[in-house]
């Protein structure tokens, strides 16, 4: 078993398992304005960053939400730290669960969902499996996960809560904005949230104008000036092959 | 071509291809009581066993059934033995098809489904692909498979019917109870079925009580006595990171 | 940067990037007759060929269409050539996008869909990711893709339009018929389209007769003469194992 | 935490975690005669069965061994039960480690290898990762594993020793013969070992004769009578395509 | 079973299974000059085309060969058509085996290798598994395959010989040049072989000059004029982050 | 094309593409002392952290090195930023290349290796493919990569140099220590390097003592006090199953 190792008296060592009580959250009004924009637009607006990857899929269809990240870092096949995370969740949060190594266990089900809903948690993102999916859909608790799996877990190994975690080559920090919809999950860093909202709204406006022109038959090739670029890249137009 | 090899006169060798006519089934009233409980609860109740794995997914949503396993063991890309299995199926059965090596072929479609429905078969579990999925959904014939695939098969290679087969590192024996829902497929051994039902019902009752307490805001951390355990494991609570 | 290389003056070298303006399309009345038959039947009718593989899945359910292939060959993470393909699309076409190496980017979204719908394009098949999937479903623009992914693309690298491309070990040529439904995507070569339609209709008729007999309880084992074959292959019937 | 559940007083329930002290081993002289034959020949000789799959690869090249299986069933990321298995190993054994769910952890390294070598254990087969691979090669302790991985494990979760386990859709029972070489791992059931040796030797002899004829230029097509079969299957010979 | 279908009297239908006797081969002196160049250089020289993909790995190290493609198209788990291909092989050929669907079977071993070596065949490329790998290395018969696998095959299903086949989204035609080394397999079309050799030799000369300058410390950034390009792409140089 | 976006005048925005000239490196004497310890020991000594994952494999055997990380972040299929990174490398560095999305391209070969060797770079870690592997082995330039692949790249898309990058759910910062051997790659953060060396040396000493006891036949079960733990976890010892 790993002892917590402190390099100084005041600060736990990076390798120690900690539960961090306080999270600097993104203001909920920012979160709520980012929610309806959609992950594809937000991801693009902030410089094509923040996407957790196509392996995290929703168990429901047509839900678009955002929340403040509360994070849990678990040992594969062990949901002990999810239980430790619950009491640190509050209204407007979204639980993000990562594992120290790949796991296809069903680490989360209807009981934990009921517990989180009682605290106003908006949903779950997990890089492992969930179960009780028909119940979760019925309860209206949205989930983005890598697997649907019955495979149960133990509650035996330590981990951490509210530390930075990684899912799909993306760091998620407590208090970051977690944006979720049918296209997946995108993370907006807390200190970029206001800027991200502004960028996203700019993009929405621009997209709306572009959309109208494209639907009217105008070509992206012309609108974006790509025709010259193609020629410069040596692409040749021919009538027949 | 492989000759059937008999070590004794009376019993085919394990390497022989056999079609076994008689299956000792689980009493259908047990099966029918296990069906509505749900795979996650049954899996947990019998000691976290029996799950076939997250690679087997339903082609429909919201169906929860159970049936007596009739098994077929096929060569990849060859559904000859599914045809051999049909006449051995009866009311209340559920066909379980395994392959001797990975296969992504569409080994099953609407014609075979019609044939099985005529015999009262409740559904199909297969570690390969199925096709005609929109027809299967329209017909109300539920399927759990690894792939949806048009890729057709031949009918050329021998295999077995009603022998123990393996799907996803789990043995399925003819007459075992196959429980299926949106979370996947769980196998209950025939001689554990009565015990499994009792365990599952106990768990359902316990879960119901737990659910009420969690939804009322009580913490699993306290209910399950995990707070002390976390401390014992060296987890440290800190206010900030 | 790769220069276009011509072996002769009149014809671009196979390694050159070209945009081919003219496509010899399959007559749309043939395409429209193939559409409702379904991919499983067409695939089987033409000799179990043409399936693009189970990795290409629909983002919607219950849509069955066919169209004339317009093809685009892209660099991973770069949708420049999709823009180049749009103006070459016409009523009744279906855009098929391949990549020179695996890509899980969201190379296509609602803006490009609006652009294609303005030209009468019926749908998209792509061996990478798409985004804006809830919008695409709302717009009624059907897509078959390998991933759903927010991950955006650049518009920087040359490729080709209306050259033969490969998806899932299947060649797709411009003007081939692309048949799509819940079971996936099947390609019918342009010069086989009339024959394929005839074969498919023959098979439909045959399947209908077979279906009635199977649903009446007759066995495929008997109808297809498989019982003798099984014996010839050395399969042994036993009462018990 | 899972309590051990007993259905009767005398026998632990299948869901209980047990360490079984006694293994009925295959006579070591049988094991030693099977070892040099090679997995491909043994697998073929016993009816194309017993192969654990291509995901289990040797970390060394050119080693061919066999041993009596001692089995350990672990929780992913937890090697507690490997430690429990060591004292039950004896001269001529080969340790087989399975997991209750997929694991890519480095569950085994040079220290455990030294411990096993002190007891005469011949090697390791594991469906997870190993580490210290350069040391293991230097020590001459052969390993077949799914991964090479530094990722360390805890020692926190219960499992079993010397129960039947599954690796790659194949059951391995304690005392079965584990045959390993560059082609992978093949299991021979204890009660088939004598027969398997006889079959394998027959096949070796037959292969030797076949080899000489093939190397002399004779064709398998003629030797195996496949030319007629191809014609019967409708294959057509043509001069040009 | 599939009947061979002919659209005309003189030519088999594309869906028919055929064995084509005659192959228009690439002149062996061209093949032999391409062999020592190496796949990476050839692939680059012909416009970054022809690579079969990283899933095909050599079972040996340090072998660099090329040969004329003789192709076989098999049903997964069935090596009947490899046997049919042997007699059509001649001095300087290289056998390329593809499957109609994914297969991890060990479809080829030392006996077939002996048979091919007797005919002067230089090696094997296969998108499935091989076995007897230590024997194949000892015999000096080089192989590039997707798997090493004991899993045996049947000889039951028809396929084709010397038709165009696809491995890893690349078409291989009989008589194409198959270039193989530690980096994988690259195909050079027969009618591009002379041009490919010239391009490759040009590239070799150019690479040699570049190599000397780079090893002398000159920067690719300067040699290729990439510094300006980076600036044009908006990349910013900063001293610290 | 993405414009560099600055939130303030002095600091580029996180979404901007930057080349950072200055790296705070770990003192090379620390790096050189960590190198021979081995990744498994270092990973374990620092709290089971830092492993990049089993997908990154060496192209050679028996090499154990460490170096200061210089990082490059590339677009898939585009090695432009590797060229930009070369001039920022110095004696004792190790180049770490990440991609913004999965890539199986051969992004690096012998020419770039010669360029890096001229600057004293010790090796390469890349989460994509490499080519010219036989040349790289001959040159003595060690590489850990996800693929071996001929598939060439363009030089068209911007990225960054010496920013934090992620490989396999692990952050690598410029100046971190990159430890590489046959077991894979482990990252030691620069500000933990001295502590990591101390922990690793402690662990080496402890392992040496443990090794001697285990090789003398003592049991880990006893040395680590695991017997009591197993009982506490409910594991039952039985003589027979």
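For reference, chains read A, B, C, D, E and F in written order, and residue numbers begin at 1 within each chain.
Convention: a residue touches a chain if its C-beta (ideal position, glycine included) is under 8 Å from a C-beta of that chain, and two chains touch if they have at least 3 such contacts.
Note that the structure is a prediction, hence the values are computed from the model and not measured.
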item	value
Touching both chain B and chain C (chains)	A, E
Shared chain contacts [chain A and chain B, defined touch]	C, D
Which listed pair, A-D, B-D or E-F, duplicates the contacts of B-C in over half of its pairs	E-F
Chain F against chain D, contact positions shared by both copies (same if over half, else different)	different
Approximate Å spacing (C-alpha centroids) for the pair chain A, chain C	32
Whole-Å separation of chain centres (CA-atom averages), chain A against chain F	26
Centre-of-Cα separation between chain F and chain C, whole angstrom	41
Residue list for chain D, restricted to those that touch at least two other chains	1-2, 16, 48, 100, 104, 151, 155, 157
Chains that touch, pairwise	A-B, A-C, A-D, A-F, B-C, B-D, B-E, C-E, C-F, D-E, D-F, E-F
Interface residues, chain A side, partner chain F - complex	2, 5, 7, 13-16, 46-49, 100, 166-171, 189, 192, 195
Parts of chain D lying in touch with chain F, wherever the complex brings them together	1-4, 12, 16-22, 80, 83-84, 86-87, 104, 106, 109-112, 114-115, 117-119, 129, 131-135, 147-152, 155, 157-160, 162-163
Chain E - residues contacting chain B, complex	1-2, 75-78, 100-105, 151, 154-157
Complex contacts: residues of chain B adjacent to chain A	38-40, 43-44, 48, 51, 53-54, 57, 61-62, 64, 181-184, 186, 207, 210-211, 214-217, 219-221, 224, 226, 229-230, 233-241
